[in-house]
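Okay, got some structures for you below.
Each of the next two complexes has chain A plus one more chain, namely chain B in the first and chain C in the second.
Up next, the complex of A and B:
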């Protein structure tokens, strides 16, 4: 088995439909619609929206494929690096623990998708999350995946949990709360390993934080995730703080989302 | 009223644990180091394979099992300093070059159509050998002096049995033709031969020696 497994070769059955980022951005219906959001206008995800349930189903499918890629990414970190020379054993053990968590998240999200009335393959899969976990530097990989992407997962799960609460769906709310607890743990792992592995290497720390920004920017979805009242995915300060983000770092992500939104509407 | 001065035996009548064991401290540490090495190699492989497996149920199950073996490695890692090995990496080694060869052969399959080979290597060869070696150790070591290792092995064996059963069921569900039976057997035979040369996961003597030495009389 090779080290570093390319994103385009991720193994999938026939139900999965892969969509590249270019395809999504060049979709004549607009990137947002192509991503499964059936409206051109941004609005907070609530059951009262005419397209609220459809958007929630699309988001749940997105969570499911995201969880598969997160499982694959954490698994590859167990395999791709040598213990001692490249990473400590404890880091790999954290990644193995994350594999188990992500496997449970796959089980939860595929069950919830069915519960919400959608099925595997109804929406396309984008491989961007796994691509971020192909970085050959373990510090950059962990920062991009565990801080940027798992950070986004905190925002997404909290939004879905609130949606479940508003919709009077205790199953959805219950499951999202459990997954949210795991995500805070994963982001904290990323924050802790970033600090430990770059303790005496400012240059590597800066590179890792820059990579995190690139990933965060990619996943800002034209301002899709932010702190404004009509942001579909709400940036979650409280849980990000628990996971080791500073106020300044959270402010920076909020600003990034605001800029992305302004650019998209300009 | 209870007579608190009435003497009792130090061991209750039902407690039949015995003091002697097959392994001294050094031998126990050597074996535990090999077990840890194998558990690390296994969890790394299971994690790496997840991305290469198209079958969704297998993909998710391997993600779960990956953690089980990482946890086993952690348990063995924590036991080593208690066996006087403070530099745990020193004993985290394969028993011989055949075991290295075994892991290389087991982790060789990568292509998406080779799920049967991946599962056979783990669930029909490696895990049964682990269960055998851990059971031998668990049953042979001193039930009093080495109880911490027995406790660890009991937890681990519970996982191994469950994972073996799930893995075997996945293999049975994947095999749908005589050709696939053949594929599974060919791969199992290839790996078993290497394991035979290795002498088991802890080297020769992994499960003891069942034969009696007969002295020829003239």
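Up next, the complex of A and C:
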């Protein structure tokens, strides 16, 4: 079985249509992200927005395809690297546990999509998460996926959990809360392995953190994910602390979002 | 057959064809028995899904480009979404002309809860005419505005399944389950 499986060859049935990053970023109306659009006036995702329920549906679909790709990515990490030479067995065991979590999240997401009236494949799929999982360096891969993208998942799940709470929808609220707990664990695994595998390798640590920034930047368009009251996706400081982020690292993501907004409005 | 005028006549940001849009609008209008001139203004720069009636007589409709978009294929025209959007707007025109909605607030005065209830009644009728659908999507929107309760679900079923309710009946059903 080959290693580093290419993103464009991931198995999908005819319901799913892939949108490339190039297509997404080159949309002259603004890039689609997290169930909304960067050209919109920013507003926190709540049921009170006229398009709130539909945006939540689109975001839930994005979560669902993200879970599929997270499962595929963690599964590949179990296979792509040799024990001993490249990664310790314990890292593969963590990835195997994550596969179990992601598979469960896929099933929960399918049920939530059904609950919200969304068909599987109703929205285009973007393959960014799995693409980050193709990095040939396991440290960079875990940093990009587990810290940047699963970190984003913490923010998204917490936003959706609050959406369910505000709407009086206990199904959404509790499901998101359960998945959020797993995401904190996944990010913590990324933080722990980053530090352990780069303990005596400052250059590799710097490269991994730079890769994380590149991925984080992709989700900071126009301040879309940030700490401001009107950021559609709220940066979740407390859960990120639990997941091994330092205050400085969280500040950096918040600053990145503010910079992106300032750049967009300049 | 309705005479449909689509503005703009050509598109720069999305891959829409004004002639195809005109055919879809004309088909939906025909199925609903609307046989008069219809103007559709499209803001192609907006990927959102908003829509409104600019004028009831003559019929002038306005939509975000996103209201006609295929969510599976961004920037591409989506027939079913367009039919749903146009169908809801035209049914609102017909409802207001029927005399059963004389006591309804103006569109500007309708709140999100009232819009959700009216839309459920509209889309339920569209589904039976083979024009629209997405019952579960509408149920989710309705629950967001009326509560996630069995009472709200029963109200939804009544709105969805009824053939020609008046505004006062829609209001009564909606108010019976507001949380």
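Here is the rule we use: the second predicted complex is superposed on the first by the 255 of 266 C-alpha atoms of A that agree within 3 Å, B and C clash if a C-alpha of one lies under 4 Å from a C-alpha of the other, contacts with A are read in each partner's own complex, and residues count from 1 in each chain.
Here, a contact is a pair of C-beta atoms (placed from the backbone, for glycine too) under 8 Å apart; a residue touches a chain by one contact, two chains touch by 3 or more.
It should be emphasised that the depicted structure is a prediction, and the values quoted were computed from it without experimental measurement.
Of the two partner chains placed around the shared chain by superposition, neither chain B nor chain C is touched by A:227.
Of the two partner chains placed around the shared chain by superposition, chain C is the only one that A:52 touches, whereas chain B remains out of contact.
When the two complexes are overlaid on their common chain A, residue A:115 makes contact with chain C while staying clear of chain B. Of the two partner chains placed by the overlay, only chain B lies in contact with A:72; chain C stays clear of it. In the superposition on chain A, A:17 contacts chain C only, with no contact to chain B. By the document's definition of touching, of the two partners only chain C reaches A:169; chain B does not.
Judged by the touch definition given at the top, the superposed model places A:5 against chain B, while chain C stays out of reach.
No residue of chain A lies at the contact with chain B in one complex and also at the contact with chain C in the other.
Partner chain C is touched in their complex by these residues of chain A: 17, 19, 23-24, 27-30, 32, 37, 39-40, 47-48, 50-54, 57-58, 114-118, 121-124, 167-171. Residue ranges on chain A touching chain B, taken from their complex, read 1-2, 5, 9-13, 68, 71-72, 74-80, 83-84, 89, 92-93, 95-97, 99-100, 102-104, 106-107, 130.
The touching residues of chain C, when paired with chain A in their complex, are 12-14, 44-50, 65, 71-75, 112, 134-141, 143-145, 147-148, 179. The touching residues of chain B, when paired with chain A in their complex, are 40, 43-56, 59-64, 66-71, 73-74, 77, 89, 107-110, 112.
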